[in-house]
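Think of it as A, B, C and D in the order they're written, each chain with its own count starting at 1.
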Amino acid sequence: MTSTDHQAEIAADKAARKRAKRMKRFDNPWLNPKLIWGAGLLLAIVALGLIGRMLWNLELVYTGSTPLKLPPLGFENLRKQPGVLDYPLGTDGSGRDILALIIMGAPNSLFVGLLASLIGMSTGIVLGFTAGFVGGRTDDVIRVLSDVMITIPPLLILVVFQSAFGDVSLTMMALLIAGFVWQSPTRLIRAQVLSMKQSGYVQMAQLSGASTTDIMFKEMLPNLIPYLFGSFIASVTTAIVTAVGLEVLGLGPQRIPTLGRTIYEAINAGALIQNLWWWWGIPTLLLATMFIGLLLINLGLDEVSNPRLRKA
Amino acid sequence: MSEPVLSVRGLKVYYATPDGDVLATDDISFDLERGETLGLVGESGSGKTTATSGILRMVSSPGRIAGGRVTLDGEDMIALSDEEFRKRRWSKLALIPQGAMNSLNPTMKISAQIADVVRTHTGAAPDRARVLELFQMVGLPERIYEMYPHELSGGMKQRVCIAMAVALNPTVIIADEATSALDVVVQRVVAQTLAKVRDALGVSMIMIGHDMGLMAQMVDRIAVMYAGKIVEIAPVADMFARPGHPYSKILIESVPSLTERRPMKITEGITHDPRNPPEGCIFQLRCPHVNDGCTKPQPMRELRPGQTVACHRAEELEGAHV
Amino acid sequence: MKLTKTILMGSTLALTAMWGAAFAQNVAREDTVIFDLDRTIKDPDNFNWFTPGTKRMHGAHQTMWEPLFILNYNTGALDPWLATGFEANEDSTEFTLTLRDGVEWSDGEAFNADDVVFTVNMALENEEISSREASTIRAQVASVEKVDDLTVTFALKEPNPRFVVENFGVRIFGSFLIMPEHVWNGEDPATFAFNPPIGTGPYTFTSAATNRAIWDRNDDWWGAKTGFMDLPEPQRVIFLETGGAESRAQLMVTNELDAAQNVGVGTFEAIAAQNPNVIAWHSDYPYAASDPCARQLEINTTVTPWDNPAMRKAVAHIIDRSQIVNVAYEGTTVPSETMFAQYGSMAPFIDAVKEAGYGLPATADVAAGQALIEEAGWTKGGDGIYEKDGQQLSVDIHVNSASTEYTRTIDIVVEQLNRAGIAAKAVPVENGVFWGEVLPFGKYEMSYSWLSCGSVNEPWASMGRYTVSDVVPVGERSPGFNNTARWSGDAAAAYSAIVDQMADLTLGDPEIPGMVAEAYQHLDAEMPFIPLVQAAKLLPMNTTYWTGWPTAENYYNHPFFWWNHTHQIIHNLEKAG
Amino acid sequence: MGRIPRKYLINRLITLALTVLIAASMIWVIPRLSPVDPAEIALGRMASGAGAVANAEEILAQLRAQMGIDQPLIVQYFKYLKGALVFDFGLSTATFPTPVSALIAQALPWTLGLMILSLVITFVIGNLLGALMVWDHSPKLAKVAIPAAMVFTSIPPILSGLLLMWIFAAKLRWFPLTGAYGLTVDPGWNWAFVQSVLHHGFLPAMAIVIVTFGFWALGMRGLMITVQGEDYVKLAEAKGLKPRYILYRYMIRNAILPQITAFALKIGLLIAGQVLVERIFAYNGMGKLLYDAILDQDFPVIQGVSYVIILITALSVFIVDLIYPFIDPRIRHEGG
């Protein structure tokens, strides 16, 4: 073997190793670009909340702490007042700084969405597994319960909450919404469990004397994870949309700034006709960002679990 | 010999991956004579189904037809527009699919699924008598006319697929492992039905499968595929008597008799990375007879009339045991 | 399947029934005046105003049912309408009303003393009819008698010099409306729907759905025939539900509405910028007209530490009224100087209080307030909040969440108190709960309200609400929402004595202003409630089709067109152009 | 189409009755958990107008009697159930003493008519767009435009309504601003009225469509991905069927089935979800009624509306259960 051959071989080997490394990276389906972008957008919102809290004066979320209805920097409002650096995203009709509002509000909306669907999903997982695995009367009860719950309008319950407590906290709101997002994971998991019960490896596990809970959580759960992830993201979206809907109705938390409540106040104050677009527009933009983030994660997850969808 | 009804030349179907193309079907060429049945064999993943996808232009993303020519009745199939090609489908080139269990639309009646293909290509729906005639041809009872797929057994569904394939008297039928999902008895009966229909209509057929025993009974010639390439084509008798390629030998020796079945002989050695095939013979990593010459390109060459093979040691190995 | 069918059929029937009343011929837009309705007409087929609901303010008492008198907010005088005048006896226990001659119901029957006696007796005899006006009559009137066709005498249970203005004069919102005896006779007043309705007004009912009511002019109106007044110019009056500030603003811009309900000042400016024909009470900033109910902070005088008058006084010092005006009202109103609504007719009393030195400053004197708190033994803790015996000085302020006007005001007060060292917190409560459970039972420390509301042309109506006779323990209902602060003690007793004396004096008695000032010293010293700001309503009015709207320059009366006095507005409208 | 076996029908009916009974009981119990006394609230509301009311205790006792809340809870409960059977929910507290049923009768036609229609349109559009996101033959633009359009789903419906109102009614004046029909048309079954109803209904319907189609589109997308991989779709392609025919008969036809169930389950929620759209357009459907009732804490009305929503949902599920075997031949009418 000549030395040039040898060198060529080394080079080829290097190239191959590099290629293998790259392949590995690309082959990891979790590094899907949509997934990364989606997660990035959500993280940006969380970061806005965390970093904003450190850098910005949060006293500005209180009524009357700023001049009214100032536009964002570089714009002018109907009264020809220009935006100022002190309130770069403008102020609302009660003298509150929009930037401070979204620093406080945006993570709150995300928090409600995540918490609600986390609780909802956990309930759904437990009930879905129980219904699918135990079957019989238990299954009937869970099915009827979820059918009943899906028919009851959440508004009714929230109105009662409000009259009982005067106000709802973020956690209470999340709990309430969780009461309306557990049904679909329950159904999904029940159906999956029923079909998986027939599959070989679960029967094998049963024959080998594994306990029911072991089979449920050690054998079946891991196989359901892609479904659960997709379902989780979908329910976060639903929960945020529901929460914002309630806030826009004026039924959300009263004293805690949320994006929905900011939009509610803007609409109540006639912000549209006054061309105070930053008041409703910026929170809406943030909601849209959140939604796009969740949508991208959802699309990304589909591609992870369904390679056919991956682009060349 | 007359003009072949179907001629495939240098067909390449590549699947794109982030790290370069997978050569699912690389440069395959063969002819199908009129009235002939060609068997296409090889182990799973050897590119048999991909090859038919290429011929049927049903390669979906991320795959693509990277080159080659398919001529059917003297017409270049690859050059046709999508819409033109769609019109050729089924009327000239029909498919009996691999998974008959799931190949029928669960929400449409059997008769409607036969009717819609006829209507699409002839402009008029077939009358009931024609559909029943097709049923009779494949041995299906009349009562299934009003039935839905889930009400049929697997064998019946496969017959429906056969009936559907011949509904328009196509020039060529591709039977893609048409019987592999069925149990042995049913398999035999369905295969007989298929043979019967083929003989009755005199249609040319490409039969895909890995069951050499079944092939021996059904086909006129056999093409053996390995890792996306055709390594040998020969008349069925020659193939069984004097296989030219070591891989063909392995396949054949895995069939001890026509009645007894046993798994294909497992060969030692590693398969190559499909993105990065070795220089020269595609089979060199698993071939028991590999030598230095195997790293040189192995073009198909004629071993004897009608039998072509892609192995430079074909002559010396002939007769040798694996 | 059967159930679905039943529902479908039922709703189809309801739909057809709802549209039963046929519309009259089309009336051109320039002959129509469209008023804004901020509520759904829940029960458009029912015109029994004795039961509550939107049964009057969708045009019924603005176009069809006329009051006996209309209180003129500018002059303080009672303008006669269906009645021509009244006389009271010496001690204000007997009132004799004279009705106008020639008044007719729209079906041609004469309107006379029989109708008045019949309607009043109906209210007296039927306890189940629950409208506020009927209850008030029941509470005040002992008996009613017809003297002749045009004269009626009322005997009262107690002396009440304000009897006519309170019951028949459209003092606030409505008045006791007289119903036609020939229609109502023999009907159960609690359930009678009175459909089709008739009245004496120049308009008759044409049709109503949940979101609009249409009234068409009766060219045979008695007023034109007798020369009382010309026929009003609009041929048709529509009350239209608009669905919130944004939509009413858009309707105003596109000239699909002639008079709109309250909007914010920014919204008004935006409307006016897009439609220069739209005007308001004042032609310039602050545009708005003042509302008769001034806003206040009510303090529960039974809860420590707010049972100490000095502490209440301290809060009064800390509150900066001008900031409330600037932020919550965007400058469209003014800080309250006294407990009274600042109408021209109230000027003598307000001036008397101010001259006596009890007028309230517009800005805060935080230092004075803090001095009072410190005198009471509180010291500032590390976080800037006052403490005593390890307890922080804190307060919950209940506020009705129905309007951002309310919540925003309290948000500001809360901020002001916190900055001064009182840990204040707003507790927003739903409208019905606020009025039904919080206020009357004294279940609050401080609350935002307008309970000193009432006086528009004399002081007693407001002042009489804080007398000791209405004091009940916390947990019991304050009678008539009077003195929910539960203000008692020597000062309160002295105040009550003067106010009770005032009650029996006739309207316009020259002694009253002096007595007001005398009584007010006790209020000023003890502050059971702290007047905040005057309330204001910014009502956009459109001059594209109609002119003659009530404004500060054209002050024939106030512009609240959901009140019973709107007859005056409609009579004043003139076609534009 | 076969006939529905009696046993199956009875079974479904029992499930229907049971669901409605439990749900109806829950909406009866929930408001009673609230510490608020409806009679006090009604009185408070009377007083809130002018800040005073005479003879409070007397009126209160009457209100209690008329509302039936002076009776023992168990009596109230059975009275409620009995009333619910004939759609009698007592009297509204906000507009006392209007019967709740009268309020619902006014609102229901609009909800059943236009609002459900718009929900059906949403369902059709959403599913179609979801299918187009997956379909190989969709225009390139669709694959970019549809996911982009789905961002609207994140916008609160009230904002979408206001923006549509602002652009198409206030600025362009293509559509009327508010109301369910014009001021000058004669309500009844005549063309001018129908036209006016459609003209007025378009924007509220659109406001609902653009914020809810994304939900269906996403669901459909997932289902289409699964169906697209099915052998029968591949065979259909090999059969040379026209792509559009494959899309409708082979793909959507199969993918839509779970969506139909979801629609039946969601319909009540969707009706309740459009309260603010109805409010800003002053469109007097069930949503608006519910909105007003919420603002007024008018529990009898909230109860009545919730009951009707529950009934609509339960009936939709019932109907879907009955017709499902006809749209999905794999399912039979079985006992369970």
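The criterion applied here is as follows: a contact is a pair of C-beta atoms (placed from the backbone, for glycine too) under 8 Å apart; a residue touches a chain by one contact, two chains touch by 3 or more.
The model shown is predicted, which means the values in this text are computed figures rather than measured ones.
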### Query
What chains, if any, are shared contacts of chain A and chain C?
D
### Task
Using mean Cα positions, find the chain sitting nearest the overall protein centre.
D
### Query
For chain B, which other chain has the most distant CA centre?
C
### Centre distance in Å when chain A and chain B are each reduced to the mean of their C-alpha atoms
48
## Note on the structure
Whole-Å distance, C-alpha centre of chain B to that of chain C, is 89
#### Entry: Gap in Å, rounded to a whole number, between the CA centres of chain D and chain B
54
### For chain A paired with chain D, centre-to-centre distance based on mean C-alpha positions, whole Å
25
### Task
Indicate the residues of chain C shared as contacts by at least two other chains.
244, 246, 250, 253, 430, 433
### Task
Would you mind listing the residues of chain A that make contact with two or more other chains?
163, 267, 272-273, 308
### Query
If you look at chain B, which of its residues touch at least two other chains?
60
### Query
For the complex, which residues does chain A have touching chain D?
144, 147-148, 150-157, 159-160, 163-164, 180, 183, 230, 234, 237-238, 240-241, 244-245, 248-249, 251, 260, 263, 267, 272-273, 280, 284, 287-288, 290-292, 295, 298-299, 302, 306, 308-309
### Message
Touching residues of chain D toward chain A in the complex: what are they?
### Response
15, 18-19, 22-23, 26-27, 30-31, 33-36, 147, 150-151, 153-159, 162-163, 166, 215, 218, 221-222, 225, 228-229, 265-266, 268-269, 272-273, 275-276, 290-291, 294, 297, 302-303, 305-306, 309-310, 313-314, 317
### Query
Contact residues on chain A for chain C in the complex?
62-65, 68-69, 78-79, 93-95, 162-163, 166-167, 250, 254-255, 265, 267-270, 272-276
### Query
So in the complex, which bits of chain C are touching chain A?
244-246, 249-250, 253, 263-264, 266-267, 269-271, 273, 323, 327-328, 330, 401, 404, 407-408, 411-412, 415, 426-430, 433
### Task
Could you pull out which chain C residues touch chain D in their complex?
1, 3-4, 7-8, 10-12, 14-16, 18-19, 22-23, 26, 32, 34, 39-40, 42-44, 46, 51-54, 127-128, 130, 132, 135-136, 138-139, 172-173, 209-212, 214, 238, 240-244, 246-247, 250-251, 253-254, 256, 293, 400, 402, 430-437, 439-440, 449-451, 453-454, 465, 477, 479-482
